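In what comes next, chain A is part of two complexes: it sits with chain B in the first one and with chain C in the second one.
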Partner chain A sequence: MFLNRSEGFALALPAALFTCLVFLVPVGILLSAAFQAEPGVWSLQGYVDFFSQPLNQSVFLRTLKLGVLVAGTSAVIGYAAAFCIVNLPASSRGRIFGLVVLPLMISPVARTYAWIVILGRTGIVNDVIVGLGLSETPIRLLFTETAVFIGLLQLFLPLMIISLVSAMENIPQDVVPAARVLGASWFQVFFRVILPLTKEGLVIGGTLVFTGALTAYITPAILGGSKVLMLETLLYQKVNVSNDFVSASVIAMILIVMCFSANLVLKRIASVRS
Partner chain B sequence: MSRLTIWLILGTTLTFLIGPFLIVIFAGASAGEALSFPPQGLSLKWYAKVFTVESFRASFALSMFLAIFGTLTALLIGIPAAYALNRYNLPGAEAIRTIVAAPIIVPGIIVGLALLRYFVVPLDVTITMALFVTHTALVLPYAVRVVSSSLNNLRADMEEAAVILGCTRFQAFVKVVLPNIRGGILAAFILGFVTSFNEVPASLFLSGPGVRTLPIDMLSYMEITFDPSVAALSALLAFMSVAIVFVAERLLGFSRYV
Partner chain C sequence: MAKIEANAADPVIDMAVISSHDALSLARKNLLQAIDTSRLQSFDKLYTAAQDPIGDNMAVGYTFYASSIVYRSDLVSIESWNDLLGEKLADNVALPNITGTQGPLTLMMLNKAEGGKPGEFSGTISAIGKHADDIVTFYSRSSELAQLMNQEEVIAAPVGRFAWSRFKSSPLPFAWAEPKEGQAGGMNVMIMTANNGNEDLAYKLMDYWLSTEVQTRIAEALIDSPANTEVKVSDEVAENLTYGAELINSLNILDPAVIIANRDVWVEQWNNEVIR
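This part shows the complex of A and B:
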């Protein structure tokens, strides 16, 4: 440790100042605009107006619902996949883990576009449906909540698996076999051994997936369009279509509050269980 | 659990995660005019077409510029900050850490809108400059975090020894610290590059006519055209990312740093 504090501050200053100037100040002003229906007049009118419109209500609820569904589903798949990965022999473990991480490095636009090819009118799924005679004409699969759900799940599942794998690696190796030998069913092993020992990983993964799904723009834009709006795509419309900056700031505030409270709630759940 | 169950679960999960890419690669290699899978005959014409679309070339150049110089700038201010946070017992270090990390916590679309309204417009900044600043701010948290963890693994006595032996603090940093955190810096650069190159939400509001990053250009292109060229371009971008990560992994064990 060096004791020359002014030297230390001088080194940290450019980064801190830069972030304040181009990030904290503009975002702070934007969020404060959510409390001013007219410039300079402080009120909660923006929120009242926003939530009084049925469209906005349904978009808000849909965003929340999709966030919960994606986080919950990825937790279920994530536990199964992470448990398998941890139990692989060391040689193949790294390779499989690499394949799970790989999609994170690829452009989300490219990742989401794949679903257009799969779910589109002339996509594979419709080819199969029409081919089997389940439907005469192609079914609309794109621009539905299901499409957005699938897209978000594929986008964020790796984050959950990574968090759970690193949590499970810390479980002593013989704990699960010991519980089995003592007569616990797999169900009991999961709820009484694995879950309590990995809940920190679950909280981290859950927060990442939930906030990721809430704040995703590309997936609802490509797979939902204007038929299945989420808060992010609604914000974009408010700015670019209706020039409604008060509503846009209100949505921004809602998104930030949702992200932070998700983290708090999940932490609370984790500490209650123990 | 039996081996069969394990591989069944992993096989299904990986098919869901990676399968769609394989489909995109083939959809882009179609000989037909419309996007479909299985492709109507194979050809590389859409892969070739990607390189002839003028707007793709311009937006690719812009994205490259932002990813390279945005990340370099972030490293330029991020390395000293990481060093200060690790080696000096600064009061308020936690606050500085939080400030610098803030850009990843706040959703990108909000960052973009805030910068457009309260930075670009009042200060009359050009769109390119605004994009550059935004991408630098978004990459900075990664730069500080990765370099910090690299510095954490390097014992401070080595620099102290260098200083006792007659180096100035700066010389000790350049001769002792830098060579030892080279791997971390390179990893931070790659992570920053990939983050910046793939970034969409924050750049959304910061795009003007003719000034667009590649992912945003793809988004608007796929709204008006339904040919396989976006599939081809998606596949090419996926190859690029995979190649970068693969080389990084081979050269320096990239995943240790992330």
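This part shows the complex of A and C:
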């Protein structure tokens, strides 16, 4: 396409320089603090200190747990929704897909505040619970892990559905009917036909959802508050309350490692299956 | 505070308004300069407690605030700070986070209600930890609390009087408690950073802010309660503020030096026993 390599290089140079100057360099400087117990003294003491605190351990495990749960639940719901969408007539498919994408066009702040109204003691969920006689009085749903889980799931499920719809659209139309005709149960169809053929979409969707759940700030802050701290809300506290940039940098580095690890693990799982 | 510390060699902030314990923290790091009170025309009009709140003239108080418990008067009554951890408020109460200004004040009053030694909050934090599941959330901002109480998620919580107007205008029946242990109180102060080079302008702003006219207007707008003794406001306005010598002198004030000396220990214990 290019006359020579230098032409391609010249075209990519502005974007590469911009990314380096405004992202990689400042992030690198910031993260370098995670390896300096004191200015100029390199060590891993920040990580030792961080993981020696029981609160930090529980925040780390909670973040990991919610990330895995949100990604896993998104995959289950996402496969069902994506399978349904790709089998719709073309005219309906566009409309339904638009509805899936619609929440992504609304601010996460607005979406999360809506959950406060829904999950509150005077909200719809409690109205139903009390109406059905499941509880005599409204129950507390806000500021719990459940509330954060629901908020994150709603926030990132569309990303999983989009990834899986794209992957499923590439499956040859005849393979599922062929498998059924040959006697495969729906369970076998999913695990031996659909899943292997859509693993790339699952890896992309899983990475996006897991990374998003890990790094989301607004939803855990609003729906979890200080009772359900996650790494991202703890990071904010370290910077804005404790003025502890070393711990904040350690948390940022842990989040980056977790995100990259998730992608590697998902790719590994996908490759093992094939 | 982070900005003042990060730019200590070449200050980008000349003066600031801040809590008295944060001011003391900055003063101990030699980031502030003593205020020349002769350059403040309204200095002598200030309440005595506001004239040199952290020592060495490192700050001047510009507003007081009482802190008590706001509650739903149709559902509960509050007699004591201990009611916050009692059975009748279980699952319906919010407390301020320890990292804010209201957190240590609440600890002080709970400690007083339990008959604890002044400034020794370890037992109080443990008591809160035991009731952590009964507490809806630990809020950081009064606006956040107002929203939760208006949504009926919470029916009682300690809060600064400066936030009372948010509750008073609500259609729900909120009341301001007068617990038998009294109300807590705090002060926000003005500080001047060291070697900022803009001292003249900073003094002008401070003098303007502390003047009777400006303090009156700020009070009438229900923004801050006055530290200037000559400010006169209507009963209706006074009702929303921490106003008058009698009230101000009755407040339980937590020594900023006690907060500075113990905050890290409190936060660590809080994180381990309350937030978990």
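FYI, the second predicted complex is superposed on the first by the 249 of 274 C-alpha atoms of A that agree within 3 Å, B and C clash if a C-alpha of one lies under 4 Å from a C-alpha of the other, contacts with A are read in each partner's own complex, and residues count from 1 in each chain.
Criterion: a contact is a pair of C-beta atoms (placed from the backbone, for glycine too) under 8 Å apart; a residue touches a chain by one contact, two chains touch by 3 or more.
Every value quoted in this text rests on a predicted model; they were computed, and no experiment measured them.
After overlaying the two complexes on the shared chain, residue contacts for A:L229 are found with chain C alone; chain B is out of touch. Within the superposed three-chain model, A:G183 lies out of touch with both chain B and chain C [touch as defined at top]. Look at A:F143: by the touch rule set out above, it reaches chain C but stays clear of chain B. The partner that reaches more residues of chain A, of the two candidates chain B and chain C, is B. Residue contacts after overlaying the shared chain place A:L102 against chain B, while chain C stays out of touching range. By the touch criterion defined above, A:G40 reaches neither chain B nor chain C.
Of the two partner chains placed by the overlay, chain B and chain C both lie in contact with A:G120. Touching of chain A by both chain B and chain C, each in its own complex, is seen for residues 116-117, 120, 122, 239.
Across the complex, chain A meets chain B through its residues 1-5, 7-12, 14-16, 18-20, 22-27, 29-30, 77, 80-81, 83-85, 87-88, 96, 98-103, 105-111, 113-118, 120, 122-124, 127, 154, 157-158, 161, 214-215, 217-218, 221-222, 232, 235-236, 239, 245, 248, 252, 255-256, 259. On the side of chain B, the complex with chain A involves touching residues 1, 5-7, 9-10, 13-14, 16-18, 20-21, 23-24, 27, 34-38, 77-78, 80-81, 83-85, 87-91, 96, 99-100, 102-103, 105-111, 113-115, 117-119, 133-134, 136-137, 140, 144, 156, 169, 194, 197-198, 200-201, 204-205, 215, 218-219, 222, 230-231, 233-235, 237-238, 241-242, 244-245, 249, 255. Of all residues in chain A, only 53-55, 58, 116-117, 120-122, 140, 142-143, 225-227, 229, 237, 239-243 touch chain C in the complex they form. Those residues of chain C that touch chain A in the shared complex are 1-2, 5, 91, 97, 99, 132, 135-140, 147, 151-153, 267, 271-272, 275-276.
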